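Okay, got some structures for you below.
In what follows, chain A forms one complex with chain B and a second complex with chain C.
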Partner chain A sequence: MKETPLSNCERRFLLRAIEEKKRLDGRQTYDYRNIKISFGTDYGCCIVELGKTRVLGQVSCELVSPKLNRATEGILFFNLELSQMAAPAFEPGRQSDLLVKLNRLLERCLRNSKCIDTESLCVVAGEKVWQIRVDLHLLNHDGNIIDAASIAAIVALCHFRRPDVSVQGDEVTLYTLEERDPVPLSIHHMPICVSFAFFQQGTYLLVDPNEREERVMDGLLVIAMNKHREICTIQSSGGIMLLKDQVLRCSKIAGVKVAEITELIQKALENDQKVRKEGGKFGFAESIANQRITAFRMEKAPVDTSDVEEKAEEIISEAEPPSEVVSKPVLWTPGTAQIGEGIENSWGDLEDSEKEDEDEGGSDEAIILDSIKMDTGEVSNIGSQDAPIVLSDSEEEEMIILEPDKNPKKIRTQTISATQVKAPSKKPVKKRKKKRAAN
Partner chain B sequence: MAAAAAVVAESLAGYRARAARAVLEQVVLPGEELLLPEQEDGEGPGGTGERPLRLNAGARSRGRVVCGPGLRRCGDRLLVTKCGRLRHKEPGSGSGGGVYWVDSQQKRYVPVKGDHVIGIVTAKSGDIFKVDVGGSEPASLSYLAFEGATKRNRPNVQVGDLIYGQFVVANKDMEPEMVCIDSCGRACGMGVIGQDGLLFKVTLGLIRRLLAPDCEILQEVGKLYPLEIVFGMNGRIWVKAKTIQQTLILANILEACEHMTADQRKQIFSRLAES
Partner chain C sequence: MAMEMRLPVARKPLSESLGRETKKHLVVPGDTITTDTGFMRGHGTYMGEEKLIASVAGSVERVNKLVCVKALKTRYHGEVGDIVVGRITEVQQKRWKVETNSRLDSVLLLSSMNLPGGELRRRSAKDELAMRGFLQEGDLISAEVQAVFSDGAVSLHTRSLKYGKLGQGVLVQVSPSLVKRQKTHFHDLPCGASVILGNNGFIWIYPTPEHKEEDAGGFTANLEPVSLADREVISRLRNCIISLATQRMLLYDTSILYCYEASLPHQIKDILKPEIMEEIVMETRQRLLEQEG
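Right after this comes the complex of A and B.
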């Protein structure tokens, strides 16, 4: 299947965004995507995720006779596969240019840098040596395959354990995993590839390009480096002219990135080893985040705190005023006495209740929409913060002027004493009031 | 004969078949068989008494039921072929069973006649354009299928341009065909999409959600920035705002809407509105 073509508008947008130092996924120029390393249950099996790009690495070993010219050296073999699962455009069983280029680069990065001690892989000189085979499978393609593949390869090699072998005279014994603990490979250093994409003939540079950025880039520079800042491989493709300064700057950035990634790899390896030692659960299945939609767990409910203040004010302004208090104790029957009405605690601050009185007065005057009422409430709140007593006094006067007969007010006290003091039960009450006022 | 076969099929499926009405808005799985409403009454445990009546299937008045995506007819039942939530739409007028379909989460688009999609022009050959719509093969688009296009007056379409169009032919095993005009020859918003803006892909489920008439996401997005947006049923969204930054924000929000609950979304929108 053909790959989805890149439209002109995407291309233009990407280039303009790069000019403005912006990337589609919100990264900065020198940011890597998230790297996640997980190990399988077997030794030498790992999955490296670089954002959405995923590479599976699997190391295997075999006893073979060595090459004639290198009788005492083990054999390293690398193979990267681009399956159709990664992207529909990859054709199975065909060596595309990209695949050849990537395989070549991987070999140069890992074999030619002599990061693995091949002499330690020799069992009997000239007769039996270990052949270490590293198979890398691209599971999903979202750009920067080489970085993910190089990390996966070195992680898988570090994680791998080969069966122990002993030589007594001319008798070679191969021990199974149960008989003797398998031995790790001896690894001198960890070369890691870092890719730089260049745009507009090298004017702009991005680290770790994703798939769409790779499509619009002019050139690519890959630097393989270890944490001692030794360059293992450097390759420029795409036919752009780079200045000496640019290459030097890239190598500096690569040094920083490689140090970070190496630390991450070591941490991941240590974690896995610890879990294995303690007999905990390990493997791919365990490393998958438990985010099934069928999982029985309580979701943390997000709390929206953006407009809490306004809401609180709204609630306060809409709440019923406390009923009038009878300060005299009432004697119902001998032996019992009552103070107040027994509906609401009237110990709240007086200022608030006054304010609400004003609001109520306002709604008695005319038919006012809720939003407007809220506004007036806020205004009076703001005013009351500055000079509470003066403002409330003046409004009360107003109210008295507008209500020559105290009829509505009486109704209100009646309805309040009849109904429970709750904010929701207020609305019908108010409507009734309005009707009376209109009459 | 056919009726007898239907009875056999029923007995084979046993009582596992559920009524379509009962599982509306619930998850159904491939292989499941669903009963249509008019079969339900006869299908109960004590429904054998009605069998003789039902044998005369041809004479029975039955509403026309349309199987949408994810469903297939199997005898006189519905066979589920996709995993997802079962949906139903009441018929607009007259009698009928309405439309049943399964809302599944998938990314691969299959052309459907009448769908409005965003395509990318991949080739110009003679008097047709080849347009990539994300389906299994490219669609063809005649240069005469634009508003006001004649043999002399050709539309200005370049390779790599974005096209918003509608399928007029979309059959299995056949090359789909697009047009950018409606039956009256009007563009109706279709045609070549401008050179700016960003195209990105989301799942087909999200597109359907966004295109629902009462979609909250779109209203909320519209409050953020002034924007131009085109949704293609093939999972492509083209969006353009005033600046690159705003366009990027909008694209990322719409992509993220896929996995957000309404509360989370509101929170993010209010946070964005503040900044």
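Right after this comes the complex of A and C.
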């Protein structure tokens, strides 16, 4: 499948951000992404994660006859494969250019640098030598495949153990893993590739570009170095013109980065060694952390509604009809009126103290209520004082302020849009708990 | 700066909130659709062991004796007469390759392109050399499907003044199955922006041009800065379309408009929050149901 093209907006955005020394994931110009190395149960199997780019490396060995012109040297074989799960653009037949370039670079980095002692791989000169095969698979492509692949290759090689062989005269004995412990490969140094991406014709550079940055870059410079600051391979692609001091600066940066990465690799190898020796658990399954997401889930409480109807009917039939409430506004003094009757106050002792508070709050309410009522606009004149209308959406209980010497009134719960009060002559003094704006 | 954090919550399935009367017959690959052998099999099905089995995940559609499965998540399948919005990926000898979210890149032949000024003449070698001046890699165009090749590739044409290069606006990519087929796909919404609903799932939102330029032929890109009010309308529309697409609602001018109106009380950036998204889409669904029946 062809990869989706990058829109002009996104391209411009990335380039502008790089000009302002900003990267999308918040890294600095010379920062690497998080490198995570995990080992499998077999010797020589490892997965390297550089951010989201993942490479699986596996080393295997075999006894073969050597090459004719190199009778005393072992054979090294490197192979990098871009798996189809790495990116939608990788298809079985389609990836030739990138694949060739990566394979070539990897070979130059590992083979030509002589990091592995091939002489030590010889068993019987001219007849039997070890063939070491390094297979790398790209599992996920998020930019900078070459760095991740080179780290995976060297880590797998360092981790690998080949079966022990002893030669007595003409007798060659190959010991199995049970008979004798396997022997590590003899590795002189660890070359690691560091990639530099250049933008705007070499003006800006970034270390460890991710996939988006790779799409907009002009050129790529790869320097393979070991921790002794020896350059093993250097390659510039993309056709940009680099100045001498730029290349020198990059090599200095590469030196620093390689030292850090080598330290990380050593630590990872030591850890794995320790775990295996102590008999602890090792392997890929252990290195994958148990990710638990605590999900809030509102459990649906099952409600049995089968007999609701009958119960409701029972309640309705048994209940008394609601009493007729005739509301008559009573004007006590100009500015103080009372409408309606409530049910008996059941507060007991609190009655006396509460009433005093209510009286004080009452006068303020009157003015506020007045303005609210006038906004409603619908004032219908009923005519007599006998049937005032209160228009309110308030579903709250209305507490009627009780005069101490009057009969205790009942608190009435008001329903929506019942009646409308006539302003301004009658100003009901009510203490409402939460009054919503009357419609 | 105010930050918002939210904890992961298990998402409740959509069907609970839908309450649809007409349940669609949904199938996954391998499901048996019917054991009745009297049906003709259409797209998305195959015959196996005396029964009709689905090969894609989608809803079963039946027209008389033809049974087919319409996939829910699929690439765009071109049909003659569709309006598409595409992006130029390559400039080749006498044609452009356009990316339209289909299996193969669509093709826009130089001869199917409107020359600026609307003149009709044979395309010469000079036109071929000037191709890059019209459309470059990365440009967005609106076009109509002229023909479909045997391998499924689509051939486009812009032989009308309403098609052509798109100027300033916002592109939203949704699944092609969500765009409703209608008489016209170019809408001028009353809220102040215009929208092109491409059948391939690319939706283009742009500010309504004040006057229709007849002579342009759709090639001159208007690069004047767009006013803030227009930008806000366009961002709100974009978020509304994304929320409709997330809730798997069909996209057409009415649904987008209702969703826009339902989203007005909220801030533009709040529309993408899951709760508010559900609320807005529920209201839209309600209004659409009221409007229908």
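Basically, the second predicted complex is superposed on the first by the 288 of 439 C-alpha atoms of A that agree within 3 Å, B and C clash if a C-alpha of one lies under 4 Å from a C-alpha of the other, contacts with A are read in each partner's own complex, and residues count from 1 in each chain.
To be clear about the criterion, contacts are C-beta pairs under 8 Å (C-beta built on N, C-alpha and C of every residue); 3 or more make two chains touch, one makes a residue touch a chain.
Note that the structure is predicted; figures quoted are calculated from it, not measured.
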item	value
Partner touching more residues of chain A, whether chain B or chain C	B
Which of chain B and chain C A:Glu171 touches, first, second, both or neither	neither
First (chain B), second (chain C), both or neither touched by A:Asp245	neither
First (chain B), second (chain C), both or neither touched by A:Glu309	neither
Chain B versus chain C as contact partner of A:Glu278, first or second or both or neither	neither
Touched partner set for A:Glu20, first chain B, second chain C, both or neither	first
Where chain A meets both chain C and chain B, residue numbers	2, 4-8, 11
Contacting residues of chain A [partner chain B, same complex]	1-2, 4-13, 16-17, 20, 22, 24-26, 299, 301-302, 304, 306-307
Of chain A, residues touching chain C in the complex	2, 4-8, 11, 293-297
Interfacial residue positions of chain B with respect to chain A in the complex	120, 122, 132, 134, 136, 158, 160-162, 193-199, 238, 244-245, 247-248, 251-252, 261, 263-264, 266-267, 270-271, 274
Chain C to chain A touching residues, read off their complex	7-10, 87, 89, 99, 105, 137-139, 171
